[in-house]
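These notes open a run of structures that come right after.
Next come two complexes, and both contain chain A; in the first it sits with chain B, in the second with chain C.
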Partner chain A sequence: MTARPIKNSIFKGAVIVFSLIAITPILLIIYELVRKGYKQINISFFTEVAPSTWDAMMANNNGELIPGGILNGITGTLLMVFVASIIAIPIGLITGIYLYENAGKRYANVIRSISDILQGSPSIVIGIIGYFWVVKYITNGFSALAGSVALAIMMLPLIIRSTEETLKMIPQTIKEAGLALGVPYHKIIMRVLIPTSFSGLVTGILLALSRVIGETAPLLITALGSPMVNFNLDKPASAVPLLIWEFYNDPNMVNLIWSSSLFLVVFILTMNLISKKIAPKKN
Partner chain B sequence: MNSSIIEIKKPIISIQNLSVSYEKGKNAVNKVTADIKKNSITAIMGPSGCGKSTLLRAINRMHELYPNIKTEGKILLNDQDISRLSLIDLRRKVGMVFQHPNPFPSMSIYDNVISGYKLNGIRQKKSKRDDIVEKSLQDVALWSEVKDSLFKKGNFLSGGQQQRLCIARALAFEPDVILLDEPTSALDPIATSKIEELLVKLKKDYTIVMVTHNMAQAARISDQSIFMYLGDLIEYGKTKVMFTNPSDKRTEEYLTGKFG
Partner chain C sequence: MNSENITKNILFVTSLIILLISIGMVITLVSGSIPIFKEFGFQFIYSTEWDPTAGRENYGALPVIVGTLITSFLALIICLPLAFSTSLFIAEYYKGSIISKIIGTLIDLLAGIPSIVYGLWGFYVLRPFIVQLGLSEQGYGIFTSSLVLAIMIIPYATSLSTEIISLVPNHLKEAAYSLGATRLEVIFNVTVPAARSGIIASYILAFGRAIGETMAVTMLIGNRNAIPHSIFDIGNTMASVIANQFGEAEGLKLSALIAIGLLLFLITAIINYLGKLVIKQFS
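Now for the complex of A and B:
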């Protein structure tokens, strides 16, 4: 009789201890980022482009804050993520709906497998695809478009999967309710199934976005990076993770690594939290 | 077997030699012939798996959605072969209510009631829509309970209220026939008796065909009863006669609780 409560509390204790062990690294990272990064975060951090090595060196020598910010990275990230979304969201949703509708059919299974392979591919491989498709043949040089395509390819399998899974959660009887009213099938999809699973679809998209926003490798060989704010899809563009990479490679800019990383982590965490918030609740 | 089938003059629905199979060579409904009387409640009874739902769903061609299901035989609605009707015409005339309440989760109560029109792109003046919504909700005795929250989603409603909302959604189309598949099996006794009252009231204007597991319910509210067993129609008669003096042994055994 008394063994069970004891077992229960041992188990509970173990769960708590192991969860703490699991989240400790995350907390440590955030602590480090805040401690080292907060000083550099001021208005010019958001309104100015990354400084030159020379300026950074001078500031370091004088013991001042490094001037400039990461505006070129922020605008580049926003531009490429926006274009990637325009490409990936419609294709991903339509493919997800197709897979849901044709579950079990051969062709659908093939597409699902391809999507899974894509999801499992290292991001540098996706970057190479972007390089060969876009950099070499379309923009004839590194470009924001190539970066966007690479990010879109990374988003696709995530959106396809989440769309299919979200739609699967809708009970069959909701569909039949529409059919029993004589509603054509495509209208049931557009006006019943999609609105019903709306929050799930948005969650999937947000998670895909937060997944690609931090990507560096595929952008290195597609968008390349740029010291300027650039909204021209034909030209190279920077991105926050690209800047972090550049800062890392420049001993004078080390202090900017922490602030930029802090910014990126907070941004992605916020997006994750929002998507958790609107995720559909099972009842 | 035909001796235990009653004759119905001027039936609204005439099921003729209907067979439905999910797998080749195995009829879930086997050569069923039955006429359905207008403005009455017809109950379909029988043990689980005997083909009640399958028979009911054939009446509005619900099976067509699934390519593996084969249907043979004929069903007439007001002397018209239903396979000749367009799906929307057929389903405007034959409404359906399911076992589990299934209002559209993304829509308000108002939109749920009017959804048959909206989703089919049938346009109406707002005043007409308002009338349809109010009348349908009145018909299912839900109006007074929801009239202040018409534009809220229906998920705060109780199971019984949701089921009445689904009946209202079917009524809004002003069908001739309403098919119900165990509409109260997911509800508590109070909600059940409300729906039963409602159905008895509705038969003045509609023809009701209802699958039920609950023999007491069939006895309480139905006028005719069909008893099915393993896909066959075993007996079809006036409910009172069937319950007091069944002509087939299997019916008697089912009604006395020997199986089911």
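Now for the complex of A and C:
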């Protein structure tokens, strides 16, 4: 008789202990990034391009901070994410609206399943696609455009599904009120559906952005990386995660790894938190 | 054509884009893999050789397939108790409390950390720790990768199952309590069976994530194309071999890597489909 309450308490204890273990890594990771990264974050970190390995080595030998920053990475990330957004946001929103309007139809279900499969497909595979479609046939070399296309393909399913889910939350009556007044279809979309679900749509887009900003693998085989600031879509470009990868492979740059990662993580987590803040509350 | 139809057509035509992208992806991957299958036939899938030396080139995907499956399974096994406990903590034991909100937010943050930052953390923090424990000489390998993967997939394994567990109707649980059941008994006889489909699906989807994860694994697994002898041995996964060797690959080797990409794409697609199927089957 007494065994049952004891088992019960032991299990509860185990649940608490395992839950605490589960949240430890994120605390440890953030602690590590802040502890090792904050020193390098200063004005030049944002205004100068990545240093040469020689400069970094000299600074290390003299016990100074590594000169330079990650400007080429920041501009590259902004460029590629911007172009990816231009491609993915309109297509994603419109496809999401299509799925919402045609829910239950066979074709719409196929599109939804495809979008789910695309969302689950590994980023490195999407990198291969970016390589073959753009690097090989359009820009004839590694390019920012190839990186943008890869990122856009990754963003697309995320935006499609979040758009559809958000639209589903709008009360049917609002839409029907518009239809009853004889408002044309495109005006219902522009004046009713999009405004009423605006915060949800923005949340979906922000989450999609925050997912692709940290991507390294697909960029590695599409945008390659560049030591200079480059706004030319034909040419290779760097990105913050690509710089982290380069720093990681260069023993002289170790100190820059942490500040770049700290910057990237803070940026992504802030975006996550903002998007959660403005997200419509489910009931 | 009136504006109504124009709008409908725009929606429909845009929805075709994602269909074309995915068909294009499959065509690209399949046509890229043809050379390797022509050369080695299906032996490519079960051969363990990997020799890029010109003249006696020989490629087999078995080591990376095995490496991928072992790392992902191990990651899932490590992740299971953590994710399950966290779900119970948030959705059952401390449902609606502030501490649950904090733990939920921290778990969500895990999903925002880029793969490459996990890799860095694994390399600089976890790897020395593994060496200290004497588990492996260099700290690289299947086990280290799985540990990091387990952390990375916690949010995916947790979020859906938490939601489903919290949706289990109270009156079911209360009926069991009124019969004198302890909380533990209620959890395993009422809550978990009622939420089974969601819980299983979320673990399947988390497993799919682990299989496609690239950067963190590439940095930790040791990159050797041979079947690992133990979980502390080094190895390679499908994603990591592509990330590592795609840059300088050409000819047959490139085709081999694309074929691995195709297999990876198919495996993750099947797993995601299974996950969705499980959700549908039970709900």
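By definition in this document, the second predicted complex is superposed on the first by the 260 of 283 C-alpha atoms of A that agree within 3 Å, B and C clash if a C-alpha of one lies under 4 Å from a C-alpha of the other, contacts with A are read in each partner's own complex, and residues count from 1 in each chain.
What we mean here is this: contacts are C-beta pairs under 8 Å (C-beta built on N, C-alpha and C of every residue); 3 or more make two chains touch, one makes a residue touch a chain.
Bear in mind the structure is a predicted one, so any value in this text is a computation, not a measurement.
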Partner chain(s) touched by A:122 [first = chain B, second = chain C, both, neither]: second
Residue contacts on chain A - larger count, chain B or chain C: C
Contacts of A:171 with chain B and chain C, given as first, second, both or neither: first
Which superposed partner A:26 touches (first chain B, second chain C, both, neither): second
Chain B versus chain C as contact partner of A:179, first or second or both or neither: first
First (chain B), second (chain C), both or neither touched by A:192: first
Which superposed partner A:210 touches (first chain B, second chain C, both, neither): second
Contacts of A:106 with chain B and chain C, given as first, second, both or neither: neither
Overlap of chain C and chain B interfaces on chain A (superposed complexes): 184
Residues of chain C defined as touching chain A within the complex: 3-4, 6-8, 10-12, 14-15, 17-19, 21-22, 24-25, 28-29, 32, 81-86, 88-89, 93, 103, 106-110, 112-121, 123-125, 151, 154, 158, 182-185, 187, 205, 208-209, 211-215, 218-219, 239, 242-243, 246-247, 257-258, 261, 264-265, 268-269, 271-273, 276
Complex contact set, residues of chain A against chain C: 4-5, 7-8, 11-12, 14-19, 21-23, 25-29, 32-33, 90-91, 94-95, 97-99, 101, 108, 110-111, 113-129, 131-133, 153, 156-157, 160, 184-186, 189, 210, 213-217, 220-221, 241, 244-245, 248, 257-258, 261, 264-265, 268-269, 272, 276
Touch list for chain A against partner chain B, complex: 171, 173-174, 176-184, 187-188, 191-192, 195-196, 198
Chain A contact footprint on chain B (complex, rising order): 60, 62, 65, 87-92, 95-96, 98-100, 102-107, 115-116, 118-121, 166, 169-170, 173
